[in-house]
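Across the two complexes that follow, subunit A remains constant while its partner is subunit B and subsequently subunit C.
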Partner chain A sequence: MSTATRPRITRSTRPTVPRIPLSESWRRRLPLLPALLIMIVLTQVPFVMSVYYSLTDWRVVPPEPRNWVGLQNYTRLFDNEFFKDAAVTTIQLTVFPVLGALVLGAGFALLLDRRFFGQGLVRTLLITPFLLMPVVVGLIWKNQMFHGLYGVLNWGIDTLGGTPVDFVSRYPTISIIVVLIWQWTPFMMLIMLAGLQSQPSDVLEAAKVDGATPFAIFRQLTLSHLRPYMELGILLGTIYLIQVYDQIAVMTGGGPGSTNLPYFVFQRSIGGGWEFGQASSFSIVVVIASIVIATVALRVLSGLLKGEEIA
Partner chain B sequence: MSRADAQTTVGERRWVNRALGVAAWITGLVFFFPVFWMVLNSFKSEQDANTSPKLFFHPTLERYHDVTKSAAGLLSFGDAFANSAVIVLLSTVIVLALAIPAAYALAVRPVKKWRDILFFFISTKFLPVVASILPIWILAKNLDLLNSRQVLIILYVGINLPLAVWMLRSFFQEIPRELIEAAEIDGANLKGQMTSIILPIAAPGIAATALLCVIFAWNEFFYAVQLNPVKGSTVPIWVTTNISTRGDFLAKLSAASVLACIPVVLAGWIAQKRMIRGLAMGAIK
Partner chain C sequence: MRGTVRLSSATAVAVACVIAAGCGGGGSKSSSSGASGTPASGTGSINVAIVDNPQMKDIAALTPSLFTAKTGIKVNYTVLDEGTLRQVTTRDVAAGGRQFDVAMIGPFEAPQFGQQGTLVDLTPKATSDAAYKFDDIIPAVRNALSAGGKMYAAPFYGESSFLMYRKDVLKKAGITMPDHPTWAQVAAAARKVNSPSMAGICLRGKPGWGDLGASFTTVLNTFGGTWWSAKPDGSIDKAMVTQPAFKQALQFYVNLVKDAGEKDAANSSFNECLSQYKDGKVAMWYDATVAAGLLEASDSPVKGKNGYAAAPIDKTKNAGWLWSWALAIPKTTTKQDLAWKYISFATGPQYLKEAGSRIPGGWAALPPGTRQSTYEIPQYKSAAKSFAKETLDAISSAPITNPGTTKRPGLPGVQYVGVPEFQDVGNQCTQQFSAVMAGRAAIDAALKNCQGVASQATQG
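On to the complex of A and B.
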């Protein structure tokens, strides 16, 4: 890379020399290329391989010759009950945690966005779940909060005179949703806090002087100011939560109500199914769904990238 | 508005403020409870941990001793930490080395179609890792990289690079153009611009970006468990080795979890203000 960048450095030291358009555009492109190439190799190559595998009947155990089967894996996709279940679970494990975390995170941010005794400490307490390892979060909730015999929640239920519940096996979807909300609320809170703290204070002051009630200020100024931040939170939250794996792996190890599509792909391929062809077609569906969501989200969010137009 | 009216409003405000402060404290404590309980459990005996929740007990460091003691053939605490440290640090350094020039080319001296390229970087995050795990597993197997640190370093670069480019671009955009132009007129080359202006001004943003990369890499489990699940593996894998199917393990698991989470939690606590600022500047602008 050092030899490649040399010409640009020497040339930029002589700004009076008229720039040749072609080399100028390459000069600009060069610093971008290493990152761009690496991302293409790391994401597009596996993707193209997956597309190819998805058009074959490749099965590793028992080993069979790999045959081209065209779209057969895809046409049979929706006959697969497990696939449909996994699709529904994926939606549940994405939508509810994103919305739950967003609402809680916004509430927490509003509570924190004022001066009170120990404000920094409370913020520290609230962001901690986001910093924990997802594996640890799953295991800790399963074994100390949700545990059927000694869990803290069941201790509470027992004290109140109820019957203990084995949460994770009885309600796997809800249990995982709760854990995901707990872990992602701080992330949403940080984004909303960033939004609240970037509010122009002069506008707020002016509204106060004009006699606007706190509620009116909140509804008319704060909410519209926070909108892009909420959208950003939803976008980033969705990207990460649609592919949740860790918590499922350590809490239930899959099963009805907790196997989402990523987990299902894993189960059907290197997780023991070894049906590489079929599993690849599942993963391509996940990709297409993600891209659809992303396109819609990014269109809604295009305001995020408006920024300033340079050159 | 009469004076008396104004005073009651101020009085009411103060009361409301105090109530909201108390509400914030209660929320914080309730929300933090599972973490508090995990730390508490880590100082218990297995007997004390695996019974109705108890607040008072004889604290012991025995569980920490148990989990850090190495057993032959298993991933030990020391190995896992060393592997994680190497993988996380190297991948983060590589990410920054690639993302800083890229962000420069997207923000300071933008290439044509910088918007499309930025979209490409972001869109790679929409590719679920699970969609690529199979080809990556096959490639790693063929290249004899299964169970190596290298494969995780490469993949963690792939995980964090788009995020870093996206965040750094926004930080670089915040740098006043006049400063960069002035430096150019003074004859500063790219390296000069970088070291004298861009890097110092964007330092907080770069730090926030690096921290996020470290968090994601340190906590990563999926690739690690699929591609490097044995002796050369990382801390998240080591945590799961402390679950046993025979006998109680909650106290041991808690101790392991505390050890596994401490580095990132401490870093996050120290850098939280910077992270908030980083998100405010980085994300929206």
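On to the complex of A and C.
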């Protein structure tokens, strides 16, 4: 594969755009400026404020004057055991749900790609989990599935003669991962389904005529065709799941193994810690990490999309 | 390529914004006021933040007919759960927001905010208001809401903690529960009656300083432990979490829950225990006195089957906690007089007499534990006879000024330490303890982590 070199070729062969005079280009941009200004005020000003707060020791309880402390919040960050725990939990609560949902979603998409009676209904039903509110999902799973006394899972275990398990309190990380996979599988399924349905049928037919086995067709044609879609699913899934909050708040209310970084930021700020300076520094770290992930993932993705276009 | 570059920077910005929105900042997330849709009309209306317990919902429903109709003052209620209320009031009162004219707080906050100078001293208003009957307020509750002789919040509802147990179950097992049991007796009884279908005892295990933190701290106190030692001037000296008494108390609590406690203890607090007790899934329950009114309610499946004993003890004479939901006026309000008129109505003796026949739960569901005169109302005495005396005794004997065996830092408190740092330390540590209870953390590791958190508070 010479994917990496292709963008350079494309760039050099791009048709040249006639130059527009500077004044003309600003006149064209003028109508857009109010919108841009609002966007900056609404999004970047709070962000800059957070950066500023992260350089202070601002805490509300007990109320003390706000002092400039420079980078102290950041240098202390990695001595904080709770922060490290939360970082590890964030990785677990992002990586496993994304991969789990991707595998399951791809599986469902392959099944849905075939024609069968009631296809539309099944597809709608499979999408439902993604349409539910995260808080509702957390409550349903906590009380109706995982609960030690009233949960379906423990009813099953009990019927089979086993000892009931307090899933959420004993295995909080796994419990939340299961819930997230359940909710995000439809999202991945839709992306995969779009990928499958855009697969050119003539190529598949040609392969069949050439005597390729169904497994070989899947492995060599379908899978490589689906790759950019998988990248897209992983990218979007990661961006969303890195900030999961609702399910944690409802199911465990935090604690070792379920407090991820966004929840930790909440706990350290209005959730009882009241240390806005420290909490801001945590959130800035999450932002930086997310931007890095997003940028890297988008580079990979754009390269692949380009490769797809030429193929 | 150009398209993707633009897409990538746009996405990066979007990510930054979405995530940055999660950090607290100074943002003023306003909570909607629920009860009324009409706009405030000048001086004639006040904004009140209250907690969502049944007694407060009752008064919110009765306010238009009993208060607004007589005074013309409109009351806009914002009803919040305990945790959110605490977030909102701390921001509003301590950090100088201006959202509410009256806020509901407890004995943890009232003296602290009062000393910080963010609350109006209610004593002059209360003593000069003849109808309010200041001296009728139960002294233990009034003191808990005061600092330096000034009352900063007027109690709407007061509670202590005690042991509730199924008389029938214990009798069958041949156990007689004394009126003032020790924890050793309670633990032995719990282990004896424990069976696969019915747990011996329900104890709070849900993380939170007001959940597991409250129950556990009363045990810690009576076992001779403490969160912090105190300097002679009453400030925090050293974190005492890794001391033997603390470990002994936690070990006792965790072992009792593991051996004879309710199912999924690490996720249970007041409401979970209440439903398990009512379902006949636990034989005993150590929790707030207010639960008794719910167990003896006319629709309760365990009505009349319950005995009540004082909070279990070990090294101290009394161990019950003391809590009150009380109304306070932030100094930032411009409507102090209207606010006091409302507080005088809501926490005065007249409301208790008028509400009994009007609220759905009947006389037994009156806000308990604030006024001696409540316990002299004939209808209340008969409706609450199985628990009224025990509740009153528990409240008046709660060891608020001297809860343990050593001096405590900060302001008085039983199930909490009266320093601002406690809510944060309590929240973080109870998460560790709850994990021990669930069997996914070792007790020594949890204590070590907690000691670290508690030590940070000593650095000021």
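Just so we're on the same page, the second predicted complex is superposed on the first by the 263 of 311 C-alpha atoms of A that agree within 3 Å, B and C clash if a C-alpha of one lies under 4 Å from a C-alpha of the other, contacts with A are read in each partner's own complex, and residues count from 1 in each chain.
Everything that follows uses one rule, which is that a residue touches a chain if its C-beta (ideal position, glycine included) is under 8 Å from a C-beta of that chain, and two chains touch if they have at least 3 such contacts.
These numbers come from a predicted model, not from an experiment.
Contacts of A:83 after superposition: neither subunit B nor subunit C is touched.
In the superposition on chain A, A:148 makes contact with subunit C only, not with subunit B. In the superposition on chain A, A:166 makes contact with subunit C only, not with subunit B. Contact with subunit C, but none with subunit B, is seen for A:254 once the two complexes are overlaid on the shared chain. More residues of subunit A are in touch with B than with the other of subunit B and subunit C.
By the touch criterion defined above, A:184 reaches neither subunit B nor subunit C.
Of the two partner chains placed around the shared chain by superposition, subunit B is the only one that A:139 touches, whereas subunit C remains out of contact. Of the two partner chains, neither subunit B nor subunit C is touched by A:96. By the touch criterion defined above, A:243 lies against subunit B and subunit C together after alignment on the C-alpha atoms of chain A.
In the overlay built on the shared chain, the residue A:273 is in contact with subunit C alone; subunit B does not reach it. In the superposition on chain A, subunit A positions 10, 43, 46-47, 49-50, 53, 147, 239, 242-243, 245, 262, 265-266, 269-270, 276, 279-280, 283-284, 286-287, 290-291, 294, 298, 305 are in contact with subunit B in one complex as well as with subunit C in the other. Looking at the complex, you find that subunit A touches subunit C at residues 7, 10-11, 14, 43-44, 46-47, 49-50, 53, 60-63, 81-82, 147-149, 164, 166, 168-172, 239, 242-243, 245, 252-257, 259, 262, 265-267, 269-276, 279-280, 282-284, 286-287, 290-291, 294-295, 298-299, 301-302, 305-306. Listing the residues of subunit C that touch subunit A in their complex gives 1, 4, 7-8, 11-13, 15-27, 86-87, 90-91, 94-95, 112, 116, 205-209, 263-267, 276, 281, 420-421, 423-424, 427-428, 431-432, 434-435, 437-441, 449, 452-453.
Within the complex formed with subunit A, the residues of subunit B that make contact are 17-18, 20-21, 23-25, 27-29, 31-35, 37-38, 41, 49-53, 98-99, 101-102, 104-107, 109-112, 115, 117-139, 154-155, 157-158, 161-162, 165, 170, 173, 184-185, 187, 189-191, 215, 218-219, 221-222, 225-226, 235-236, 239-240, 243, 249-250, 253-254, 257, 260-261, 264-265, 268-269, 272, 275-277, 279-280, 283-285.
Residue ranges of subunit A in contact with subunit B, taken from their complex: 5, 8-10, 12-13, 15, 25, 28-32, 34-36, 38-39, 42-43, 45-47, 49-50, 53, 108, 111-112, 114, 116-119, 121-136, 139-141, 143-145, 147, 150, 152, 155, 158, 182, 185, 190-191, 193-195, 197-198, 228-229, 232, 239, 242-243, 245-246, 249-250, 261-263, 265-266, 269-270, 276, 279-280, 283-284, 286-287, 290-291, 293-294, 298, 304-305, 307-308, 310-311.
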